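The letters A, B and C name the chains in turn, as written, and every chain counts its residues from 1.
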Amino acid sequence: MLRFILRRVLQVIPVFFGATLLVYYLVFSMSGSPIDALSGGKPISPAVVAQLTSQYHLDQPFIVQYGIYIKNLFTFNLGTSFSGRPIAAILANAFPVTARLAVFPLAIEAIFGVTFGVIAGLRKGKLFDGTVLIVSLVVIAVPTFVLGFLLQFVVGVKLGWAKPTVSSGAHWLDLTLPAVVLGLVSFAYVLRLTRTSILENMNADYVRTATAKGLSRRRVIVTHILRNSMIPVVTFLGADLGALMGGAIVTEGIFNVPGVGNTLYKAVLAGEGPMVVSIVSVLVLVFVLANLLVDLLYAWLDPRIRYA
Amino acid sequence: MRFSRTSKALGVAAVVAMALTACGGGDSTAKDNGSSGAGNPSKVITAYGGEPQNPLLPANTNEVFGGRVMDLLFSGLESYDASGKPVLEMADSIKTTDSQNYTIKIKSGQKFSDGSPITAKNFVDAWNFGALSTNAQLNSYFFESIEGYDAVSAMSKDGKTAAPTAQTMSGLKVVDDTTFTVKLSQPESDFPLRLGYTAFYPLPEAAIKDPKAYGEKPVGNGPYTLKSWQHNAELDLVPNPSYSGPRKAKNGGVTFKVYTTADAAYQDLLSDNLDVLDGIPASSIKSFQQDLGDRSIVKAYAGNATITIPSYLKAFQGEAGSLRRQAISKSINRDLIIDKIFNKTKKAAKDFTAPVIDGYSDSIPGSDVLTYDAAAAKKLWDQANAITPWDDSTFTIAYNVDGAGNKEYVDAAANQIKNSLGIKAEGKPYATFKELRNVIGKKNLTGAARAGWQGDYPSLYNFLGPLYGTGAGSNDGDYSNPKFDAKLKEGLSAKSAEEGNKAFNEAQEILFKDLPVIPLWYQSQTGGWSNNVANVDFGWNGVPLYNNITGK
Amino acid sequence: MPEKTQNINRIEHFVADLEETPLQTTDQLNEQAAPLSLWAEAWKNLRRQPLFIVSALLILLVLVVALLPGLFTHTDPTQCELINSNEGPSAGHPLGFTLQGCDVYARVILGTQASLTVGVFSTIGVLIIGGTMGAVAGYYGGWIDAVLARLGDTFFALPLILGAIVINSLPFIRENRSAWTVVGILVTLGWPQIARITRGAVIEVRNADFVIAAQSLGVSRGKALLTHVIPNSLSPVIVIATVSLGIYIVAEATLSFLGIGLPGSVMSWGNDISAAQTSLRNNPSTLLWPALALSITVLSFIMLGDAVRDALDPKARKR
């Protein structure tokens, strides 16, 4: 088992190089010069353009620029953003906020999605099942900006139950509204996945055996049906953790969350290669570890699954 | 409309302007909101802001969020009051006899907030630092009029690297502690008007020694000092007790909260979590006056919006091109767009500049081409087709989506062109500003493009020279007309501001014939404030006058 | 459960009395037996489900609207008069007007084609690429899994906006943007999610008794994957795919809003939903109608997914 984990952790290395190379190349091949973004449409003297171009190695071929980035990385220097701040400092500000804003909605969708999914599955075709189908439809069809705006306007402004935007510390309580918005879309996925899995396992032989054995209905549901229905849900949640760590541009914008999403968005718009790549590198690490965790959970949920 | 006059006797103007500002702000539409007098002088105002794009150095700050902070941290030779009149701050006098050689005297006994004295050398050093290309300051082109600028911004022979042949500009000379002289490479009558712009602020010696560290925590001489800067969260400014200029702080400080969208800021404003917001988001433009009542403001500022039709488009050249340009201009119902899209918060354009500027005229000969007349437009278009037929392609208006609120009005204008002229027309979105700039820079536009200009300093020339002068930095449509260039030059070398403005307005007559761009409307700033503050007004450039705001 | 008993009887009969059974009887039995193909059986089952019939009818309706919009409206949705901006319903304009003064009803009808194209073909593309990758990775494991799963991670790490901007700024695509370029973007960046779900489901099933049984009976690994593992791993994949179909249609809205989706001249629900953003407080009906059309489409596909899942599940089927 330890060897399995070690091997998986080592797989970060090729993924890291693959992803960074690809992303750096994409940023490089975006049209337009980052200097244009920096000047904001105001005139800029050609001498200053030349100076900035050589300062940020923008005149170098792609592979040289990438090489310089990787070389600096090995000395723990992520470089400087166009704003003059060290990229490492920017990441150190943004990622903790986004981490909170990933775990929070993940908890919401896991708890509510699974609970509602189980009930809907057990009462297939009944009123509750139909209601949650409608709810999940609404959540899918109404875009995030509408959900976010409505929650913010009603709960934040009209009722005054919460601050409409996140204050500078980005405390857990402040993050409630954005977490609900982020959790809602994935809630629809988790709910439907759970419901389907429950339906599938309800008629399985081991469930009949457990019931025949005289176990209480509750025990049968929780330890037998639920445990065996969790593999697709866990897979989805693992992937969603990765997606949430990448930040959410729209939700962050609505609630003014100083997270990864907007930092990444601005860096992409400005064509800041090193910044985009640094963020993606952290994300790669998160994905590989999240996937590892998911695979380990498979083995725990279903003892038939073994890893060499 | 009433307009102030800029004369060489700036000192007098300063005294008058000071008296005016003390009375609580010229022609604002904002009311005093009940609480007359000082209000609560220790209230810290929270204001809408964004993360400054660059380190806080005067010559490197070229965007609004950094600019509004710098203008509070620094005091230049002059500042601009609510109506755009220059008011002397650090300068005692700015004198010239030929619009080319200026003698600038600064007030004695002035200090930076750390106690070090401010002398003429601080100005000269700061300007030289800002102009030197190897310092890579984005505003360096502001010094291009000064003699010796070509040497500090020289390029290597292959034109690829910056290779200055001098470290300082020969046109700047320190005479004594309170006097320095500026020699321009040609006469420019509006040079004194520029001196209130961010790029011209003085810098202490420490800044030039270590600009990187200084840019994180600048020490200035303005009405406020920077207490702390929490990146991507807020900037805390507290009053500077040693400041004695016209913009003395009437509150306990200003905290700029960093927002990524104005929508979020607006929700904070509604719930009194934010005190002052400038720039109501498009989603609330129809409801903000209802939401806020007398806590809202709409105020014209020195900016405009246009549609550039590049000179290199074949269909828009020659006589047929001229007819087509007129047809496009006459096919846009500006008032209807202002009504339906902007909720009447803007004014239809009558010229190429802005009404807040000294010398503005709303009746320049030829300006009737800006009047909507669909039938006349169609007729002009058909006349053009009789000369060279339109190839039935789609007339596009390029815009960038990462700038807020472009799509709505570009789509509306395109629809009107389509309906009036019976051709295909649509907005053409570019995902990033730099992608659009790249296309414009390479002269690869296949249609028109939206454009806008916000004055750096309140002068007609600033709305004409950089945009339509041959080869000028922001001449997106690649327009060139020697007669226009000559008029600009005449205006710049004029002996008085009136004469200069006359020449500039004559230059505009040429623009009305050629229509390098189609003027749309003048900008207005929309804004609002919370229940906790009073005395809010916006300046000539649409930025709130933070120092006048008081708590309740 | 009579069917089950019959089944057991048949097997007993088959195993014990093979020699003694007359040839004709065996033949007769074979003719009467239910079709052995899982797919054919599922289809037979599906046809009888009311859920399937309702969803199929709804999808048919959406398809007709998409392919023959002229049957439903004759108003030109691109003929927009600003003077009508945000006006309510009037004669000939049953749903009122947008901010730009375009007819909402005509736009919803004509937007169906692009939105359905984006939703359906993105889902199909993602299913083909992601499903194959995930199934192969999960079933074979080892280094194949490592390579494919990590390839998925690499693509998953690509920011959607970055990928979309770059793909869109390619000269060929820049001037020829359509619903298909949006499909391309969504498939390129969306397949890892389905790949992961499929992989997880396949890992769960590959160790099931019936797969091991099949393999012990001499079924090849590849054939076991196709005939036993994949059909039994489909339900979570179907769920994700049907929900994603709606998510993709909405994603087109976001892309269009950011200027990297459909050009303004192509009508789509997404384009209209994102344009409604500024009218949210003044004229929410411009948002309501395209969102409703989207909901109905998603609903019909989710119901179809449920019906297909039920039909494929041999355990649920017998009830």
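The rule is simple: a contact is a pair of C-beta atoms (placed from the backbone, for glycine too) under 8 Å apart; a residue touches a chain by one contact, two chains touch by 3 or more.
Nothing here was measured: the structure is a model prediction, and the numbers come from that model.
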Of A-C and B-C, pair with higher C-beta contact tally: A-C
Middle chain, criterion being Cα centroid separation: A
Chain centre separation (chain A, chain B; CA means) in Å: 40
Euclidean distance of C-alpha centroids - chain B vs chain C, Å: 51
Distance between chain centroids, defined by C-alpha means - chain A, chain C (Å): 23
Residues within chain C bordering two or more other chains: 165, 169, 277, 280
Of all residues in chain A, the ones touching two or more other chains: 30-31, 149
Multi-partner residues of chain B (each touching 2 or more other chains): 283, 402, 431-432, 435
Contact footprint of chain C on chain A as seen in their complex: 7, 11, 14-15, 18-19, 22-23, 26-27, 29-31, 133, 136-138, 140-143, 145-146, 149, 185, 188-189, 192-193, 196-197, 199-200, 203-204, 231-232, 234-236, 238-239, 242-243, 246, 249-250, 264-265, 268, 276, 279-280, 283-284, 287-288, 291, 294, 298, 302, 304-306
Chain B residues touching chain A - in the complex, by the definition given at the top: 51-55, 62-63, 133-138, 140-141, 144, 153-155, 159-162, 164, 212, 215, 230-234, 257-261, 263-265, 267-268, 270-271, 273, 283, 402, 431-439, 441, 466, 472-474
Residues on chain C engaged by chain A in the complex (per definition of touch): 146, 149-151, 153-154, 156-159, 161-163, 165-166, 169, 192-193, 196-197, 199-201, 203-204, 207-208, 235-236, 238-240, 242-243, 246-247, 250, 253-254, 273-274, 277, 280, 287, 291-292, 294-295, 298-299, 302, 306, 309-310, 313, 315-316, 319
In the complex, chain A residues that touch chain B: 30-34, 36-48, 50-52, 54-55, 59, 82-85, 89-90, 93-94, 149, 152-153, 156-157, 160, 163-165, 168, 252-256, 258, 262-263, 269-271
Contacting residues of chain C [partner chain B, same complex]: 79-83, 85-86, 99-101, 164-165, 168-169, 257-260, 263-265, 275, 277-282
